[in-house]
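Listed after this line are the structures, all set down as structure tokens.
Here subunit A shows up in two complexes: once beside subunit B, once beside subunit C.
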Partner chain A sequence: MNHIVPFYIVLPLAAAFLISILGRFIKGFSKVTAGFIFFTLLCLSFFYIFSGDHSTIVYNIGGWEPVNNIPIGIYLILDPFSGFMLCIINTMAFLSALYAVSYISLYTGENYFYTLLCIMVAGLNGVVVTGDLFNLYVFLEITVIASYALVAFGTEKEELEASFKYQVLGGIATTLILFSIGMIYWYTKTLNIPDIAGILNKSPDEKIVQFCQLMLIAGFGLKAAIMPFHGWLPDAHSSAPSSISAMLSGVVIKAAGLYVIFRLFFNMFQLTYEISILITAIGTLSMVVGVFLAIGQWDLKRLLAYHSISQMGYVIIGVGMGMMILANNGNKAFASLAIMGGLFHLINHAVFKGLLFLNAGAIEYRLGTRDLNKMGGLFEKMPVTSATSLTASMAISGIPPFNGFFSKLVIIIAAVLAKYYILAALAVFVSIITLASFMKFQRYAFFNRKSIKKAVNEVKDVPFLMKFSMIVLAVLCLALSLILIPGIRDTILQPAVDVLMGKNDYYINLLNM
Partner chain B sequence: MIVFILCFILFLVGLFGILTSRNIIKIIIGLSIMEFSVYLFLVLIGYIENGQAPIITKDMINLPVVDPLPQAMVLTAIVIGLATKSMLMAIAIRLYKKFKTFDIRKITSLKG
Partner chain C sequence: MNSVTSHIEIIILLPLITGILLFLIPDKLKLFKGISSILISAVALFFAFQTYFTEVFNGQINLFELRFLSLPDNDSLLSAVTAFTMLNIDSLARLIVLLICFFSFLILIYSIVYSNKERALKNYCSFILLTLGASVLTVFADSFLLFIFCWGFLGLTLYKLIKGYDEESSAAAKKTFIIIGASDGIMILGIAIIWKITGLYNMSEISIGTSDAIRITAFLALLIGSFTKAGAFPFHTWIPDYTKYAPASSSAYLPASLDKLLGIYFMFRICSEIFVVNQGLKLAILILGVLTIIIAVMMALVQHNYKRLLGYHAVSQVGYMIVGLGLGTVLGIAGGLFHMFNHAMYKAGLFLVAGNVEKNTGKEELDELGGLSKFMPVTYIAALIFALSISGIPPFNGFASKWMIYQGIIDFGKQPGLASNLWIIWLALAVIGSALTLASFIKFISGIFLGRIPDNTKIKEVNPAMWLPVIVLALVCLVAGVFAGKLVVPQLFGPVLGEISYTGIWDSSAIALLILFSVILGILVYLIGNLNKFRKDDSFIGGEVNRDQTGYEVTDFYKTIAEAPGFKHLYNMAEKKWFDIYDLSKGVVLKISHLFSAAHNGILSNLAFWVLAGLIFMFIFLLL
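Let's look at the complex of A and B:
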């Protein structure tokens, strides 16, 4: 079983290599290989989650066994939280690769596109399974270099400018992360995350550790585009090709930003109340300000990108409340509920925001514009796109049968139970404004019959594979609300929450292997 | 201690360059300076006074050895930095072809 772990990284890297060489000579090779590899990865990640065995799997690269219980060499660690993230990454990668089969005809150079997509997925899978701080930095860089190139894929004015902004801010983030990794290495003399957790557990909380924590929040906050660091996100996510926007918004800001923050602050550092308040405060800030910035946008993809900032705020306040309760030694059941709400919203956001970006891409594919003022009456012309985007809009604004409602409900219930009434009120308020801005999207894009332009009259719905991806995601929007049923919850969500809650198990289990 | 302070000053010089300069190429140079200060810092934390190079030979004198791990890390980080910088330069060249300028104030097609 533990030999499957390196395949999450090796398979997409090998695919990238093969596509860039053979794709030039064999027609259609890139599409088939990328689709096949992502499907394999999807099966592998679901195999781990549904195998019923929630033990942690450790793989030592190069077979370096620990000496005197001190780990040397790089560990790959697959536990339920990583497995949970792997499922999201590979599902979204598979669907956006399928979607891109037709969509990429808007651009040239599809071999490069699939190569970069494979490299990005390899980096993301690596970030999620690695157990070594420096290795995490390397995989993070692999991911972001691929995303820089993909953002600039159209090589028009806007794409290049967005990519430049993204690269400069990403470069600053990387520098901060590398600096704090150096500081942590200086203090603990090790890079292995469970080992660092063991050392930090014994020594009292020091100034140097707090400094590292702040640097890491700034660095990964820049990658995750939390509010004070969000400047690059609307440009980058709206300029990329739509299937990549779905990956960037649905997966990259979560796996490369939030996942690492949660993993390090729950499993590596000691939870302190001050840091928990800081994380929850920036989460609240991005939740509230993001939605106000979103509502005035007329560029469809830019509107969706601002909503990504706002919805990430929900994830952060869910998990941040759990941190605050745990740091205060409060009721563990409430903390578990809050963290579960946050993680549930994370998977939901990946699905519905991915779907919305694919819808925006479908509209762009047929109309050639992203301006809401130039659309109208698409309800009759593009029925599948219209129906799926209605589903996603209802899911993101929290209308009952869809998944977004349930995750927001769990977060709000946890906030009320833990007596954070202001957070609960803000969450409800932001949800209402989200509903308003998606009503605007629906009204102007699909139902506005008066302003039907000539160009709109001749459009058809998009090709089959694009429809297929959108329909699968729309079905997932409904199906994911079933996760809250106790039996399914215990398989998917609860083990991931337990990994975050049970800090001590993380390093004790790993070092005694 | 003084070397760490100098290293931090180098970091601030890079940050100042990114924040204040208007020229794309100067911003890239500022970013590079910032990264180099971090590489220096990484090498410094592995250094031990009078330490030897960490290569075990027969006629090795019994002296402390510097920590080789940060050196390996810096090598990796330099390679990654090269990749990101060349990507950034490629984008800068493309930007120049589109806008005919390196001035960041005139490259404003994205707003809002």
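Let's look at the complex of A and C:
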């Protein structure tokens, strides 16, 4: 079974090359290929999750076997946490590719679009499955370079500016990451993550390791856009084509940012209480400040972008609380609950935020504006968009029976159980403001008929494939609630939580293979 | 499995499933949807009756032990969920469920004819049925998680039952949902704390004191939830806005009846069963209760829009229930619960009356209306009964329950403690509130039904489907009032509270007879005495001074109050939303938002500076 691992990277990469070569000769080739490849990847990801076998799969690139238990080649490691991320990445990629089939007619150069999308997905899948620190950096760069190009895809003044800011700040992040990878390599003499974990575990906690940890938090924090490293996100996410915004907000900041932070700090470094506090603190900061920034926005996609910062805060405080409890040797059950809440919110956020950006794209597709003040009365004109966006808004605001309710519930209960009352209260408070700002979105976009112009009266709902993607995501917003049912949770969520909870088991298992 | 529990799942499942199925049927088949949902609610009502009157089963049962939901023996997928799906069935819950089904049935009958082009809702019947099913589940829920799940969902249906057709109505819908959603969020906090303290999540197993700060926080968090749902001060501000812009049937259904039932029912649960309330909290609840009564009724006095006026009364009456429940004595609780029952009856009736008037005239302001009593006699008589009920005039039901609350307050005064020593204040304010209610309903009745007709339009009585529910409700008001003491209250609340003993002599039926007798006597005196020699006097204009040359519009009633030196300022501030918790917090949040936005000017060097600052801060934190 370990031969499926490289396909996550090879397939989209191959598709990218094929599309850029053949796409210009064969009409519709890019759409079909991209859709097909993403669907295959989707099936592969679910195949691993539902195979019932939650063991870790290792693939040695080039067949380089370890010598004396010391790995010398690059490992690709597929474990339940990676599998969990792969499901999110490839589902969202598939749906945004479908959505883009009609949507991309707003832009020119659809071959480039699909090429870049495929490269981005290849990079993301690579980040998630790789077991090598430098390899991770390479895949990260592949992802973000594709995203730079995609953010600038409209090539208008605004898009180029956003992309430029993104590149400069991304460059800073890259420097920080590369620098600390170098330091770690110098300190441990290896780049293999399990191997590094083994060496760090034996040596006592040193300043140099802490230094690297901080650099990595800043670097990947920039990719994950957590406060105060979020400066690029509102511009980039709102300027990109909407199907890409859905990918950026729904997937990229998670897979290229949060996933790496969680993976490295749980499984590679030794958990320390100080670092846990630091991570939770910046998570709280993002959560609170992000939502305040969001509620004042009138640009729909900017509003959504700021909410991404805030919602990432929820994920981080969930997992961060788990870190603090584990580092304190507290109650494991509470830690597991908190981490589960965080990861559950992560997958939920991918779905509802992806959907919200697709909704914003649908409105932009018909009205050509992102300004809430220029919308209105779309409730009757665009029923599917309206219904799905209500679903997503309810989900992000934590209204039952949608998925966001459950993940927030788990996070809040975990916070109270672990006696982090202030975090629980803040989570509730932010949730209320989130609700308020999404009621604003609903009100100004879909009701409020007076601000409607004559042009709006002739608006129709969007083409079928755009509707289809939105409906699938809306159904997922409901269906993901079921993940909490213990039988399903043990298949999807709990194995991923166990990987993080297991901390050192990661390297112990891998090195003794 | 005994017969009673096997009815419960029908009441729960049937409306929910049909509600979802009806989404699939296009709105063009409105009549079909309406009739099928009436049938469904009739079935639910029938089984609710059976459940209520055959007292076989009381206690806890799991949702998944019910007939249609029972799991296979070794179902591992769902077996762990069952820990969170306990139901608690007792006589109060069954009563509330019966009422919920009753109102759903009436409202659905009413809505089959009632419609308002501008405010017509999509999937109206679906949402009514979903509300029905979710409310029943909320009432029966024993597990806090099941409870908050359904309770939160009701906020969503409330939002879907109002339509944002212009600026104001969409703002009202938004405000409603934000306030309701906020309270639900706060409740989650309370539930989590209870879970933390006790390790339990089934309400029937929990009994905790309110001794330390953390327990009080949990209690207050849950109390906020019930206050917001029921619409008590200071979380009431969504109700007047909602009732003004929502279709009358939605207003009659949710804010007037179901939300009151659920909110007060939950308040009963937390105050009497889950928590042991201490003296300080009791005092706070009583203060909030009387404030609700007085503030809302003062606002109601000066309203010009009759639906908004009713909305303020829907708030004011909650105060009585809260005072009753806050007393904590058997009589007080019985009074509070009985008032909840009565209020649901007459206030739903009043909103339906308002709907009738609106349907026939298309007008919403009191000063555009008048003289409808000739054209709509059935509606008029029903409205009169409701108005007398809500104002606490014997022999109608509003009097009976208010009287019980007054008795409860006097009784409460015998206990030691600060809250008890102040009993005379609670009593005085409650009575004043009742008097002001009467005053404002004089305005309502005379503004709509009496006086001159503004123009010579031809108005007919509404369709039977619209006056029938109103008449049914009016009859309930009368019957519940006349037979309150001996029959209705012991039957409804005896099983919950045990023997209810009144202080003083009170027999509602005897009073009803006396009143009937005095009315007949009065008529006799009138007929015998001076059939032709009646006295001429100026028309009654709400107690205002009748000046020469001034015609008093109904809307000018109580203008003297609104323009009295102290009050004028307060009313002006209320008009500018100075006291609205929603607008206050909105202002604060937006201020903070602008503050943060100002820092985000998008200049690249600033962004890079933040990254650096963050990094340095982390170093300082960790390495020093």
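By our rule, the second predicted complex is superposed on the first by the 513 of 513 C-alpha atoms of A that agree within 3 Å, B and C clash if a C-alpha of one lies under 4 Å from a C-alpha of the other, contacts with A are read in each partner's own complex, and residues count from 1 in each chain.
Everything that follows uses one rule, which is that contacts are C-beta pairs under 8 Å (C-beta built on N, C-alpha and C of every residue); 3 or more make two chains touch, one makes a residue touch a chain.
The structure displayed is predicted, hence computed values, not measured ones.
Peer 1: Classify the contacts of A:F179 with the two partner chains as first (subunit B alone), second (subunit C alone), both, or neither.
Peer 2: So A:F179 only meets subunit B here.
Peer 1: Would you check which partner chain A:A149 touches, where first means subunit B only, second means subunit C only, and both and neither mean what they say?
Peer 2: first
Peer 1: In the superposed arrangement, which partner chain does A:C43 touch: subunit B (first), subunit C (second), both, or neither?
Peer 2: So A:C43 meets neither subunit B nor subunit C here.
Peer 1: Which holds for A:F292: it touches subunit B only (first), subunit C only (second), both, or neither?
Peer 2: A:F292: touches subunit C, not subunit B.
Peer 1: Touch check for A:F134: first (subunit B), second (subunit C), both, or neither?
Peer 2: first
Peer 1: May I ask you to decide whether A:D235 touches subunit B, subunit C, both, or neither, giving the answer as first, second, both or neither?
Peer 2: Once the two structures are laid over each other on A, A:D235 reaches both partners.
Peer 1: Using the superposition on chain A described above, determine whether A:V168 touches subunit B (first), subunit C (second), both, or neither.
Peer 2: both
Peer 1: In the superposed model, does subunit B or subunit C contact more residues of subunit A?
Peer 2: C
Peer 1: Which positions of subunit A sit in both the subunit B and the subunit C interface?
Peer 2: The answer is residues 164-165, 168, 172, 234-235, 296 of subunit A.
Peer 1: Per the contact definition, I'd like the list of subunit B residues that touch subunit A in the complex.
Peer 2: On the subunit B side, the touching residues are 11, 15, 18, 24, 27, 31, 34-35, 38, 41-42, 45, 69-70, 73, 76-77, 80, 83-84, 87-88, 91-92, 94-95, 98-99, 107-110, 112.
Peer 1: Given the complex with subunit C, which residues does subunit A contribute to the contact?
Peer 2: So the residues of subunit A in touch with subunit C come to 164-165, 168-169, 172, 176, 207, 210-211, 214-215, 217-218, 221-222, 227-229, 231-232, 234-235, 274-275, 278, 282, 289, 292-293, 295-296, 379, 394, 397-401, 405, 408-409, 412-413, 415-417, 419, 421, 424-425, 428-429, 431-433, 435-436, 439-440, 442-443, 446-450, 485-488.
Peer 1: Would you pull the subunit A residues touching subunit B in the complex into a rising list?
Peer 2: Of all residues in subunit A, those touching subunit B are 134, 137-138, 141, 145, 148-149, 152, 155-158, 160-165, 167-168, 171-172, 174-175, 178-179, 182, 185-186, 191, 234-235, 239, 296-297, 299, 302.
Peer 1: Would you mind writing out the residues of subunit C in touch with subunit A in their complex?
Peer 2: 76-81, 145, 148-150, 152-153, 155-156, 163-167, 169-171, 173-174, 177-178, 181-182, 184-186, 188-189, 191-193, 195-196, 214, 586, 589-590, 592-594, 596-597, 600, 602, 604, 606-608, 610-611, 613-615, 618-619, 621-623
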